[in-house]
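Consider the two complexes below, in which chain A is the common component and chain B and chain C are the respective partners.
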Partner chain A sequence: MGIALALLGAASAALFAGIGSAIGVGRAGQAAAGLVTEDPSQFSRALILQLLPGTQGIYGLLIAFIALSNIGLLGGQVDTGMSVGTGLMYLFACLPMAFVGLVSAMQQSKASVASIGLVAKRPDQFGKSMIFPAMVETYAILALLISILAINGIPR
Partner chain B sequence: MSVLPMKHMVICAKRQDRKAILEYLQRIGSVEIITHDVDETDAVFSRMDVSQSAQLFTKNAAQADKALEILAAAAPEDGSILSAFEGRTPITLEEYETNAKKRETTMKIVNDILRLDKELTEAKADVPRITTQIEALTPWSALDYPLSFTGTKKTSAFIGTFPEKLTEAEIAERLAGYAPDIEAVDVNIINSEDNLTSVLISCLKSDRNSIDDALRRMNFQRPPVSDMVPAAQVDAYKKERDAAIEKIDSTKEKIASYADKRDDIKFISDYFRMRAAKYEVLGTLEQSKRIFIIEGYVPAENAETLEGNLVGRYELVVDMLDPEPDEDVPVLLKNGPFAAPVEGVIESYSMPGKGELDPTTPVACFYYILFGMMLSDFAYGALMSIATFVLIKKVKNLETSMKKTLTMFFYCGIGTMISGILFGSYFGDAPTVIAKTFFGKTLEIPKLIDPLSQPMKMLVLCFAIGIIHLFAGLIINLYTAIKTKRYVDAVSDSILWMLLVGGLLLFGLTTDMVTGMFALNKISPAAGNVGKIMAVIGAVGIILMDGRESKNWFKRTLKGLYGLYGVTSYLSDLLSYSRLLALGLATSVISSVFNQMGSMVAGTPVVGVIFFILIFLVGHLLNLAINALGAYVHTNRLQYVEFFSKFYSGGGRMFSPFSINTKYYTIRDNADNK
Partner chain C sequence: MSDNQYYYAVARIRSKELSLLDQVFIDQLLGARNIDEALRLLQDKGWHMPDEYTTESERVEKMLAAEKKKTWDLIGELVDDMSVFDVLLTENDYHNLKAAVKEALTSVKHPNIFVEGGTIDPKVMKEAVASRDFGPLPDEMEPVAEKALETLLHTHDGQLTDVIIDKAALSAINDAGKRSGSPVLELYAELKVASADIKTAVRAVKTGKDKNFIKDALAPCKTLNTDKLADAAGEGMEAIYDYLSLTEYSDAVSELKKSPSAFERWCDNLIIRNIRSEITHPYTIGPLAAYIIARENEISTVRIVLSGLINDLPEASVRERAREMYV
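Right, the complex of A and B next:
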């Protein structure tokens, strides 16, 4: 039972953050494609802005990976007798990344779409346009940090 | 190292030299022309109306560009991957003159290409049009009369279609129903399809009107008229279509045959673009009957050479003035080879405003370190450095801005290599995995901190770098204030904050909460007391000084309290540096994922190794691309948001000299460099 809960935590980190990033990158991609139809030379800039909401998925993967490796599901000894308490600890530790990843990726994509619009009108302002989506990402990074610290703190 | 001082240059020269002088200034490209508002009342000086010529030149340049586009579609230019980075080709002044003489012939070629392209478009449109016509005639191919046939001397003929499938008997029956009094009618079905029956109906001339009437009621429709027998007409159309297809091919060939003139067209496009720019400047010059005046900003370091060259070449007077304090002087940065690459980062934020220092050097130092920590893999850094180094060395005529960007990533790669060694990452944990999978040995990579197993230690390091970064910002702020003799600002905006934040940090290191959390050694309580005192002095000072522009003491204290609230922003700034840890971990964990995936399939002999190599290559390239992007974006963010908020607001205008605004060529004038 404990190991199942721990796995649920690891999976949900990858799951929700991944969903968020998929939605975010998809949304920003539509705007990027629009910009490139108008001005093909903006492709690389549009691509960078499109990829910004994609990092949450990577952070989710990161947490899932650390959790899986700590509970021994990646090539180690699987602790089938893990207590429910420990399993719940893993589950809760993964939650910040799961939820903040989901929501921040979606919100970040809105900033990305707006920034792509900014680049469409003023290509010289690319440096600044990158910062607005990056501001949203801060919260995903903070959640990632807490998830990492929490998983590492769980006694083994 | 610095913002270059500028000179306000005024040239007064003879009117007949104006084009030569402008061309010279355009070629050397180190003067920004100043334009004034028009003074209509001036009796001596006036401006030329050059808009028509400028428009013509712009049009010619656009035509040449269009011709190049057409040419590229007909005969693609071959180029290596490296050529994507290549810049403009330098040509000598002599080559420029020779090519410029050929401009009439080249423009003829340009117009010829444009004409051919028009013909090509028409021919391309002809093919589907003719095909439609052929299709419309196909049902009639069995008819021996032209579609315009109306009958003989005694008879009338009706050629047309019914919108349904009918037999001859059915048609005759219906006709009889609508026109019962006719003597004789002959119905011939030429072609019959599901909902289309093509017929030839003949009758006596005397019955013509009643048949016509009956047919109209039966939804009889006449085909487009043509004077030829349908089969012959179809043949004629087919010939026409073949001719059009042939014309498409021959026109394409003709266009492609101009491929050897591509360089000439490129030149002419540049030539007219330069002339258009020159004429635009010409239109802003103050000219009298015999003389004209150019005003512009020149970097002071170039001023003397420029003056010498001008005086040596033309009869003129040059004045180099120091700009007035209220002038809007453009900003040009100059830095050494280590810092100059990040000038682009400053430019995309904002150029230094009045009295601000050029932040390039400190930004460069931290840029390479922060980027390195975020990517933090020796192999990735090495790949980046090697790739950019090869590009810098191998690509011909690299443009300055591209070279700067590449050099920046070269140094970032070095930073990444160093932090890769510190945190023991070489393609992630690839050495360990490879040693274990293929050689059955355990390999420990030496490292300073293992970010994955000691995240708190790593986090402390990140915060420490953050503190250094933030304090560096405050110190630059202090230095700028002292240099511009704003001593009160120096104390209240920099020193007090350093006292407050430094004091709080010192005090924090004596508390159980902080040291326990980060597993640090507590420092002595005496230092904590010093910290407390520092913080209190800082806080009180900020309350007193932050609202100093208000005269009212009550308002001033309130503003000061609000200013003190800004200390929370230091907390969030500091926490922001945790992204160094997060992004560094992202790189290493994802590389471990790929390494592990590779090692899972590596068991089977030979095939396993191939799969391992495949997964390894694809996985690490992907990881490098994604994380280099992340490192780039977040390094910029730390510089723009955390670092710049401490001392830099920008607002300067970038120096944009009057220069050759070309796409394909630059002009190298040996005489100019002397």
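Right, the complex of A and C next:
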């Protein structure tokens, strides 16, 4: 039971953060395609703004890797006798990344879409346009940090 | 329709907004020495120049029609369900209904009185009215067409027929605004109806219409109390000024006092000023609607400026009529 809970935590981090990023990158991709339809020279700028909501998926993957590695699933030394308490600790340690990853990717995509609109009208303001969606990234990084600290703090 | 469907469309519109005419360009156009110079300026901005034409007026009309088509073709590419924009097209339908009713009862045919760009094909409208078979018309238009035709047949009062159709058109615009589910289109409909009601009330005072006629002619809207406006119109212009100064349209009073064209300009500017906030909305249908309204507005302004040049009107008089731009 303990190992199942730990696995649920790792899967949640990859799953929810990945879903958030997929939605976010898709949403920003639509806006980027709209901009490039009218002005193909903006491709590289639009691509960078499109990719910003994609980082949460990578963070989720990273947390899932660390958790799977710590519970021995990657090295073939699975602790099948893991206690429910330890399993729950892994689950809760992964939750910040799972939920903050989901929500922040979706919110960041909205900021990216707005920034793509900004670049469409003022291509010279690309640097500033990146800052707005990047601000949302802060919270995904904080969640990543907490999840890493929490997973590494679980006694093995 | 969900707002999520407009990420691509709004980004394209954002780029397109760069080619909208701004106030500086309109000033430049107003300063053109002749029609050729004005047309050259517009051509430099990417406006269509027709190859074949007989008169300068025809050349201008062809150019404006091509620009209008360009706008609607773009929107057609971006939006699957165009019915959301019915609010912007309904006016053309009712204009064509008016034309069809009048044509049905006169022996003279005027092919150019029908306008394109409505939701109903003018030919269908013409045939439906001429044959008195209103089935092909939308449900809400059927009784209006029948009533207008009967009224014109029995009273030969073209003005009364216009009042019936105009009121129905405003109600249809209001309904289409509500149906669109877009706050900006709903606001557009409300402002359109309110400004038309004010125009009707003012015209009624000037032509000495009685209170009951005015009450029948005004279309209901949220921001004006049509009973109070009709009462005020029954008393005279001062009473209209007093009533309007208590509403959110108090700015209209000073424009009405200036001249009818200043008031016309105020009506169009009112819509443009209210939709300008859509410039900042990143993914709703609002920016698309605002772009169409902005294009229609700039086409009207260009028509005013070019007509002024063709007819040698003084620049000051044309400038007074030129509308405020969206960007």
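Keep in mind that, in the parts below, the second predicted complex is superposed on the first by the 155 of 156 C-alpha atoms of A that agree within 3 Å, B and C clash if a C-alpha of one lies under 4 Å from a C-alpha of the other, contacts with A are read in each partner's own complex, and residues count from 1 in each chain.
Just so we're on the same page, a residue touches a chain if its C-beta (ideal position, glycine included) is under 8 Å from a C-beta of that chain, and two chains touch if they have at least 3 such contacts.
Keep in mind that this is a model prediction, so the values were computed, not measured.
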Practice problem: Using the overlay on chain A, decide if chain B and chain C clash or can fit next to each other. | Solution: fit
Exercise. Considering only touches as defined above, state whether A:Leu35 meets chain B (first), chain C (second), both or neither.
Key: second
Quiz item: From the CA centre of chain A, what is the angle out to the CA centres of chain B and chain C, nearest 10°?
Solution: 50
Quiz item: Is A:Phe126 touching the first partner chain B, the second partner chain C, both, or neither of them?
Solution: first
Practice problem: Based on the superposed arrangement, let me know which partner A:Gln77 touches: chain B (first), chain C (second), both, or neither? | Solution: neither
Quiz prompt | Which partner reaches more residues of chain A (counting touched residues only), chain B or chain C | solution = B
Practice problem: Mind working out whether A:Thr138 is in touch with chain B, chain C, both or neither, as first, second, both or neither? | Solution: first
Self-check item: Which superposed partner A:Ser44 touches (first chain B, second chain C, both, neither)
Solution: neither
Quiz item: Thinking of the overlay built on chain A, is A:Val113 touched by chain B (first), by chain C (second), by both, or by neither?
Solution: second
Self-check item: Overlay on chain A, chain C to chain B nearest C-alpha distance, Å
Solution: 8
Self-check item: Residues on chain A engaged by chain B in the complex (per definition of touch)
Solution: 48, 51-52, 54-55, 58-59, 61-62, 65-66, 74-75, 124-128, 130-131, 134-135, 137-138, 141-142, 144-145, 148-149, 152
Quiz item: Touching chain A in the complex: which residues of chain C?
Solution: 4, 7-12, 14-18, 282-283
Practice problem: Report the residues of chain B in contact with chain A in the complex, numbered from low to high. | Solution: 345, 347-349, 452-453, 455-456, 459, 575-576, 578-579, 581-583, 585-586, 589-590, 592-593, 596, 626, 629-630, 633-634, 636-637, 640-641
Quiz item: In their shared complex, at which residues does chain A touch chain C?
Solution: 27-28, 30-35, 37-39, 110, 113-114, 116-117, 120-121
